[in-house]
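We call the chains A, B, C and D, going by the order they appear; numbering starts again at 1 in every chain.
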Amino acid sequence: MEHRLPVKIYYEDTDCLGVVYHANYLKFFERGRTELIGRLGRPIGEWNAAGCNFVVYKMEITFHRAARLGDECEVVTHLSPQSPYRMAMAQRLLRGEELLTEALVQVVCVDASLELREIPEPLLRAAGELKSRTG
Amino acid sequence: MEHRLPVKIYYEDTDCLGVVYHANYLKFFERGRTELIGRLGRPIGEWNAAGCNFVVYKMEITFHRAARLGDECEVVTHLSPQSPYRMAMAQRLLRGEELLTEALVQVVCVDASLELREIPEPLLRAAGELKSRTG
Amino acid sequence: MEHRLPVKIYYEDTDCLGVVYHANYLKFFERGRTELIGRLGRPIGEWNAAGCNFVVYKMEITFHRAARLGDECEVVTHLSPQSPYRMAMAQRLLRGEELLTEALVQVVCVDASLELREIPEPLLRAAGELKSRTG
Amino acid sequence: MEHRLPVKIYYEDTDCLGVVYHANYLKFFERGRTELIGRLGRPIGEWNAAGCNFVVYKMEITFHRAARLGDECEVVTHLSPQSPYRMAMAQRLLRGEELLTEALVQVVCVDASLELREIPEPLLRAAGELKSRTG
């Protein structure tokens, strides 16, 4: 399953080296994951209200090229459910065809007390259905 | 002259009170100003490369209602050139018809060394022309 | 009542104009307010757990001079209770003797549902006592 | 070589799940690296002025436990120069003895145009000397 989200770079994203501050790429990736999950049956706020909070457990990120103020980029997210407790998301930030940053993200589901819980079955099924449709 | 920019609320914008962190509304307003200035003849990166950096000198901001994760809002910006050295922008963050936050922002233009300079005449003219057309 | 908090500038605080991003000064001021309130009887987390959340209602901020990466600054906060529902805080960011930014902040107290409530009397009393002792 | 930096959690660091927003742990780690590099002969601003900007090329980060508003934590950084072009830093965020987050960070040195350059020899030597003294 693939999801694409446009992201534009503003002052808030940059630092005094003149390019995007490294931690801010994680915000762009999180926006992409949030939009993707928001399409799996419920918007993100309703998932949370239902006690399903999706949080990052582990992340590997490589910074290839820097984005700059005014750049129009795109976050591309591929979702692979791994187990009832874990989803892997492969994410890339592109500027046109150019790969700027890529990440492999392990996401788990926690309840309101931040205790691990199973990823809700409807979400996994929706992910599977979208996968079979989009390739 | 009026400019409107959609803004969606993500996790990065919120804090542990469950709503948008107060300082982050300033980021939304800055996105609105940046897009507005980017329509006045040159994109923001080119204005900067030409030695025109638009910075906030003074800001008055009132927080009426809080935005929450997943909200789809809109930044509305009105520009009034005040003098060759100063522009005033009246900005509002709306969720539908509801006023969440409003700000009155004094913007000046500085060169690469952050010294005050005149606001470029083409920008003021473009602002005036847009004003006569839109407002 | 006066409170002083050292603040050091890191990459995360700056933007591509080479200086601190304007919205980030609000973070420094909020750190100062949080530390001050944390000295009025309870640390901030306990105030929140007791249903007392201190939020900004209105803020007026003037940006005089810019802070840069590595600068060691100080947030100075003066608290004046205004009414049972409102506290005013006058805040300045200093680099040595130099005034960088100043703000006048109106703070109110809200409960867990973000409804306005009275500022707890022990906090007001503690503020008054500290005031008579320190200044 | 080991470096320790205290970090306190403020509202700005949290999100609406009630704990620190995942990307903000990277800011804490960056503060630790910046302080460590600032002790290797020159403060960070002078390293940058000399054309040495230290940027993250790759990062692997694991989120074990969440930090909360008001927590007093500590960033512990171990530096290992790997080659003339690359330093590895192992970093942990601790709350008392408790491990919250850990990261393995690959840092390279770039000039003002963001081109890769050798890590300055005095910095590598200072790192080596500190290492032999402290560890």
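Just so we're on the same page, contacts are C-beta pairs under 8 Å (C-beta built on N, C-alpha and C of every residue); 3 or more make two chains touch, one makes a residue touch a chain.
Values in this document were obtained by computation on a predicted structure and should not be read as measured data.
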item: Chain whose mean Cα position lies farthest from chain A; value: C
item: Which of C-D and A-D has more C-beta pairs touching across its chains; value: A-D
item: Cα-centroid distance, chain B relative to chain D, in whole angstrom; value: 34
item: Distance from the mean Cα position of chain D to that of chain C, given in whole angstrom; value: 28
item: Centre-to-centre distance between chain D and chain A (centres being mean Cα positions), rounded to whole Å; value: 24
item: Sites on chain C at which at least two other chains make contact; value: 11-12, 16-19, 23, 27, 30, 48, 68-69
item: In the complex with chain A, residue positions of chain B that touch it; value: 10-12, 27, 30-31, 34, 38, 43-45, 48, 68-70
item: Contact set on chain B toward chain D in their complex; value: 11-12, 14-19, 21, 23, 68-69
item: Parts of chain C lying in touch with chain B, wherever the complex brings them together; value: 16-19, 22-24, 26-27, 30, 48, 53, 55-63, 66, 114
